[in-house]
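Below is one structure, written out as structure tokens; the observations come after it.
We call the chains A, B, C, D and E, going by the order they appear; numbering starts again at 1 in every chain.
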Amino acid sequence: MYLSPADYQAIWLTLKLCSLTTVLLLIVATPLAWWLARTSSKSRIVIQAIVALPLVLPPTVLGFYLLLLLGPNGAIGSTLELMGFSHLAFSFSGIVVASVCYSLPFAVQPLMQSFQDMGPLPNELAASLGAGSLDRFFSITLPLCRGGFIVAATLSFAHTLGEFGVILMLGGSIPGETRVLSILIYDHTEAMNYAAAHTLSIGMLVAAFVVLSIVYSAQRRFAQVVA
Amino acid sequence: MITLQLQLVRQHFDLNINTTLPTTGITAIVGRSGCGKTSLLRAIAGLEPNCQGLIQFNNQSWLTGTVALPVEKRRIGMVFQQAFLLPHLSTEQNLLYGFNRTRKQQRTLTPELIIAMLDLKPLLGLKQHQLSGGQRQRLALGRALLTSPQLLLLDEPFAGLDQQSKAEILPFLHRISQQTKIPMLLVSHQLDDIVQLADHIVLLQQGQLVTQGPLQQQLSLQAFSAFGAMSVLHCHTATSNDDTLLTLQLGKQQLMLPYQYFNGACRLRVQAKDVAISLEPLVNSSVNNQLQATVCGFTSASHPAESIVQLQVEGQPLQALVTNRSTERLRLKADMTVYVQIKAVAIY
Amino acid sequence: EDKLTIAAASDLRFALTDIVAQFKQQHTAATVELVFGASGKLSSQIQHGAPFDIYFSADIRYANTLADAGFTATVPAVHALGRLVLWSNTAGISALTLSDLTQKRFKRIAIAQPEHAPYGLRAKQALIKAGLWQQLQAKIVYGENIAQTAQMVKSGAADIGIIALSLALSPALHDKPYTLIDETLHSPLEQGYVVTLHGAANPLSKQFIAYLQSTNARNIMLRYGFTEPQRNHEERYVP
Amino acid sequence: MYLSPADYQAIWLTLKLCSLTTVLLLIVATPLAWWLARTSSKSRIVIQAIVALPLVLPPTVLGFYLLLLLGPNGAIGSTLELMGFSHLAFSFSGIVVASVCYSLPFAVQPLMQSFQDMGPLPNELAASLGAGSLDRFFSITLPLCRGGFIVAATLSFAHTLGEFGVILMLGGSIPGETRVLSILIYDHTEAMNYAAAHTLSIGMLVAAFVVLSIVYSAQRRFAQVVA
Amino acid sequence: MITLQLQLVRQHFDLNINTTLPTTGITAIVGRSGCGKTSLLRAIAGLEPNCQGLIQFNNQSWLTGTVALPVEKRRIGMVFQQAFLLPHLSTEQNLLYGFNRTRKQQRTLTPELIIAMLDLKPLLGLKQHQLSGGQRQRLALGRALLTSPQLLLLDEPFAGLDQQSKAEILPFLHRISQQTKIPMLLVSHQLDDIVQLADHIVLLQQGQLVTQGPLQQQLSLQAFSAFGAMSVLHCHTATSNDDTLLTLQLGKQQLMLPYQYFNGACRLRVQAKDVAISLEPLVNSSVNNQLQATVCGFTSASHPAESIVQLQVEGQPLQALVTNRSTERLRLKADMTVYVQIKAVAIY
């Protein structure tokens, strides 16, 4: 099966987008999820609902508002232009921002769940054994919630990989910049270039299956250690 | 000295402790289930964020008002009520978790020592799910000790242990306490263990302190009669020409006990029910240990047909549980000189 | 950088691809990126800052609107006329008329989304004019743009569709016959292009538009069924 | 703000699709997640990876293959036609099937996680108290994993609500049949019919926020009971 | 009768039990931490799917080969090692969970009875997080009892209880056992509790059965000496003219104890260390209870300076722990008639 340079470009772009988004998401979502899991503040419900919004909004709504916000006339886009940067619509940075918003609940939800499930005891114990809060995060929370982090990371990566509507609206299908695999496959089907669509789709299917199998068997091995 | 002025308010429960506890030896905390023992330990450890008041450990301020020193800065060792092992760590990593986080110059206990003394070697190769409750408890105890803490908080550390394991660990804890001088707060329901280990005892009731003080004095208080009246006698080993029996010097009198391994100061726990009184020394009896004592008074026992005879032996308090019938038959009165037969003691 | 980004209506998918291939033989250093979509969608993207240099619309009116709103560097120009056809992957349809669409065998009729695809709007006009629109409503499925519409029919999921002639003549579809739809049933499909503000500074924009006038390019357009516009126009380049 | 009859139609259709999909998903996912959480069989990894595939595949790939599969020439579509039914492309049933496939991992993952977190003890205890397996499911597993079920249901509903790419390819935007809100909003924005897009988008935003707030405060009240 | 032919193979542990246990009274299961007590209970309950072999409970087949009757069909009551409450149910719902699943005609115990006897009333209004460890344990016990089980499996049910709570529950369990005739398997590390409750005792070691049999006989075995030698004497109450002291008839002899509430058959637990031997009856001593006994023999004690004198009192075995010194001094020999002074007993 033959892949064109455009296909390779889209694959590379997609991996770049997904990895960057996942990393950013874990950085953003971890403290947020921790706060949500531990706080007894009333504002929790509001914040949690806001975080979960992208989950319930169709990508077209999200894409629509992000386009308005990040574009040259939007609050963020125009501010950036004033500061001498270019606006974010139809750019790689733009779809990174969109992906982070779009997949945020997919990172926050599993992390929050696993922080809650862990309960306070492990951290209390570790503190009593002299571990400071950063130490506790890395020696207790991270490994104990490894399942949660794995799920959060896979879901973030995957949800970004499967992102289509938002990028369709905000990305503009620019090769090398915003034409990710999901858009390219759509494009191939429109061009009735079924061979290319099949090749890429089957490639993604196989790759996806292999990655998922690895993740799950790793998770399983981990689960066995813990049980 | 630990100075405590604590308030911890919960929905159906208030903890209110105003007292000063010693930072030498082992202080036992006793009281009925739900009286707040675990809560007190957690408050001292810094694990109760809602706790208000004052905690002063020697010259360190752990809590003033609502400003609290973080748990990890208090250098405490804690064994939680339900031995909790970190599930992602191996048995060995669990044991060493705190040790690795203790500064080299602060380490006073080594893993080798702790492993040997708590018999942890056979456990280190095992997976956590292969450990039984008692084994976990031993590990948790070792882990807390290995932080070389300045205060050890033990929340029912023997709850899941069989007698034999317990019998192996208790003297070890005692030795740790004596050798390292780490003060310990020990919650336990077993007065046996407490009498064996504690120098000091604190009694809680519904979140309030009822009484606290040195063990020997506290034991004669009515408040502790629910645990069964007993006394503690301090004595020291004397030279003897029988190498199977240990001769103990109690003031001017001597006791002989079937122990070999003691040397120096030791304490005898004598349950009041194990003390018999006679007006003359007994002959032709298997009882070896008879001491001359003076009757000081009588207090009521939990059963109306019995009373506790308060005695003095070489200046130390000793309680004897006898039936009122016997008291009448022997015509026991204050200041009478009598002979006490001590059938059973525990020596620590 | 020698890079030209062209946004073009989906009916140009094959024609423009061929033209660009030819163009690149002359401008070997140039990179030409093609982005296809519904005319309405592309114009909306340009309004929101999409970095397209040239915009090809299947309906000159979208380009005009862009020009009126000040997003363009040139006056929109009509370069060809498009045609609607009936096409099916399954039925032999050479002798069909629009009214045959009421037949039972056509369960799903695909047209493009009239709201943002000119070919969809023209198809709707034609069906209304033919007095069939109300009757056929329940059978009609909408493609996002005319190429997706064609793909729906090609895959057999829709039994028949009203698509662009330029697509019916494309390599993917040309093995099946088509039926032209009477031009008078709808307003003309004036294919228009315009250089955007973004593309104004790009020398390749001008070169590509110039190349579009070449016989080579005109021939390719004709091959895909486009016809020359009736009224010639002048290019007014505003740098 | 004014909503057209077409808008109301799309809202109703969307709610119908999401509810039906959620119900079907919970029915399908519960036994699957239970099996995955409890089994020690090697095939677990493979099944888990297959279940998770829609997570990683772009909706366009899924939509493409479903179109081929459910259409008149596809294996399923042609079988249905042979049996006297019509094929599923461009039909409500078709997008229900697509939604169930598409959101399956979003139902299975949280359920599995919560079944695992629950551990065997509650069910062992209940069995020792005389509860049979069905009784245990309703009196122990369901309430104890209520958090998991709530998350699974919200995620399924939301992910279906936010579905766009698959329906774009498989649905054909038929009013009252497959033109769900996400498609309608897309059509509105691409037609630069911004007023209508805003009205629907803000409506969805507010509705989403309200629903999520209710869910989370309910979950919270539940969490308080459990803690 | 419970017939067991069990094999349970784990990575580092094999359980292998071939025995028949009685289905009357209370059978204690003892053994060191990790010896498989919990595993045995779980296997009998049907919670160990890998367990193979045969379990026959009276005329019901619970396990044949690998075909197992589901847990919920076995009608057992179980109290797990760490009192586990269903977190989504209120305290009261937890208590009644099993009761509500028990058929009306099979209910022999009512919530009112259990609530009164386990003093659960004050707990029913509380939220779970307000319950202390001991309170949870009481609740778990009540919950298991309320299924009116045909077999009660108790895995260290007293582990988290303070002495006072325990002292309230133990006699209750004893009464439950006597009145309902529900057979119980009781795992406990406290021989005290076992002697008080159990009729039968099973000793496990590393997954193997060491010995099992009626408590009275088993206690004189060397295997149990680790727990401290003791004896159990069966007697019954006799009429007496002193209403504060209880007079017990032991064969032809009598004992007087400061208890009031007993009537009928009862058992006395006498620790060997609480028994003194004299050659003549003592006078002028506070010891009330002296019995005539016959020396049967001598066995070694855990300490070399002591030995256990095996005696017969009215046909029942009685052990006395005396120092070798005393044995020599009194010139104790088999078949000698002596007087034993029993200083302390527990009566159940």
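The definition used in the following text is that contacts are C-beta pairs under 8 Å (C-beta built on N, C-alpha and C of every residue); 3 or more make two chains touch, one makes a residue touch a chain.
Nothing here was measured: the structure is a model prediction, and the numbers come from that model.
> Can you name the chains that touch chain A as well as chain C?
D
> If you take the mean of the Cα atoms for each chain, which one ends up farthest from chain A?
Following the centroid criterion, the farthest chain would be E.
> With centres defined as the mean C-alpha position, give me the chain B-chain C separation in Å.
Taking the average C-alpha coordinate of chain B and of chain C, the gap between them is 91 Å.
> Counting in whole Å, what is the centre-to-centre distance of chain C and chain D, each centre being its mean C-alpha position?
37
> Please tell me the distance, in whole Å, between the geometric centres of chain B and chain E computed from their C-alpha atoms.
Result: the chain centres lie 26 Å from each other.
> So which stretches of chain A touch two or more other chains?
67, 189
> At least two other chains touched by the same residue of chain E: list those residues.
As it turns out, chain E has no residue touching two or more other chains.
> Which chain C residues sit where two or more other chains touch them?
148
> Can you list every touching chain pair?
Listed by label, chains in contact pair as A-B, A-C, A-D, B-E, C-D, D-E.
> Show me the residue ranges of chain C that touch chain A in the complex, using the header's touch definition.
Residues 5, 7, 10, 13-14, 33, 35-37, 45, 48-52, 145, 147-148, 150-151, 154, 170, 172-173 of chain C touch chain A in their complex.
> Over in the complex, which chain D residues touch chain C? Could you list them?
Listed in rising order, the residues of chain D that touch chain C are 67-68, 71-73, 86-87, 89-90, 168-169, 171-174, 178-179, 186-193.
> Tell me, which parts of chain B touch chain E in their complex?
10-13, 30-34, 38, 81-82, 126-127, 130-135, 156, 159-166, 189-191, 226-227, 242, 244-245, 256, 258-260, 271, 273-274, 276-280, 282, 284-288, 301, 303-306, 320, 322-327, 330, 332, 341, 343-344
> Mind pulling up the chain A residues that touch chain B in the complex?
Going through chain A, the ones touching chain B are 121-122, 124-133, 135-136, 139-140, 143-144, 146, 225-227.
> Help me check something: in the complex, which residues belonging to chain D touch chain A?
44-46, 48-50, 52-61, 64-65, 109-110, 113-114, 116-117, 147, 151, 154-155, 157-159, 161-165, 168-169, 181-183, 185-186, 189, 197, 200-201, 204-205, 208-209, 211-213, 216-217, 220, 223
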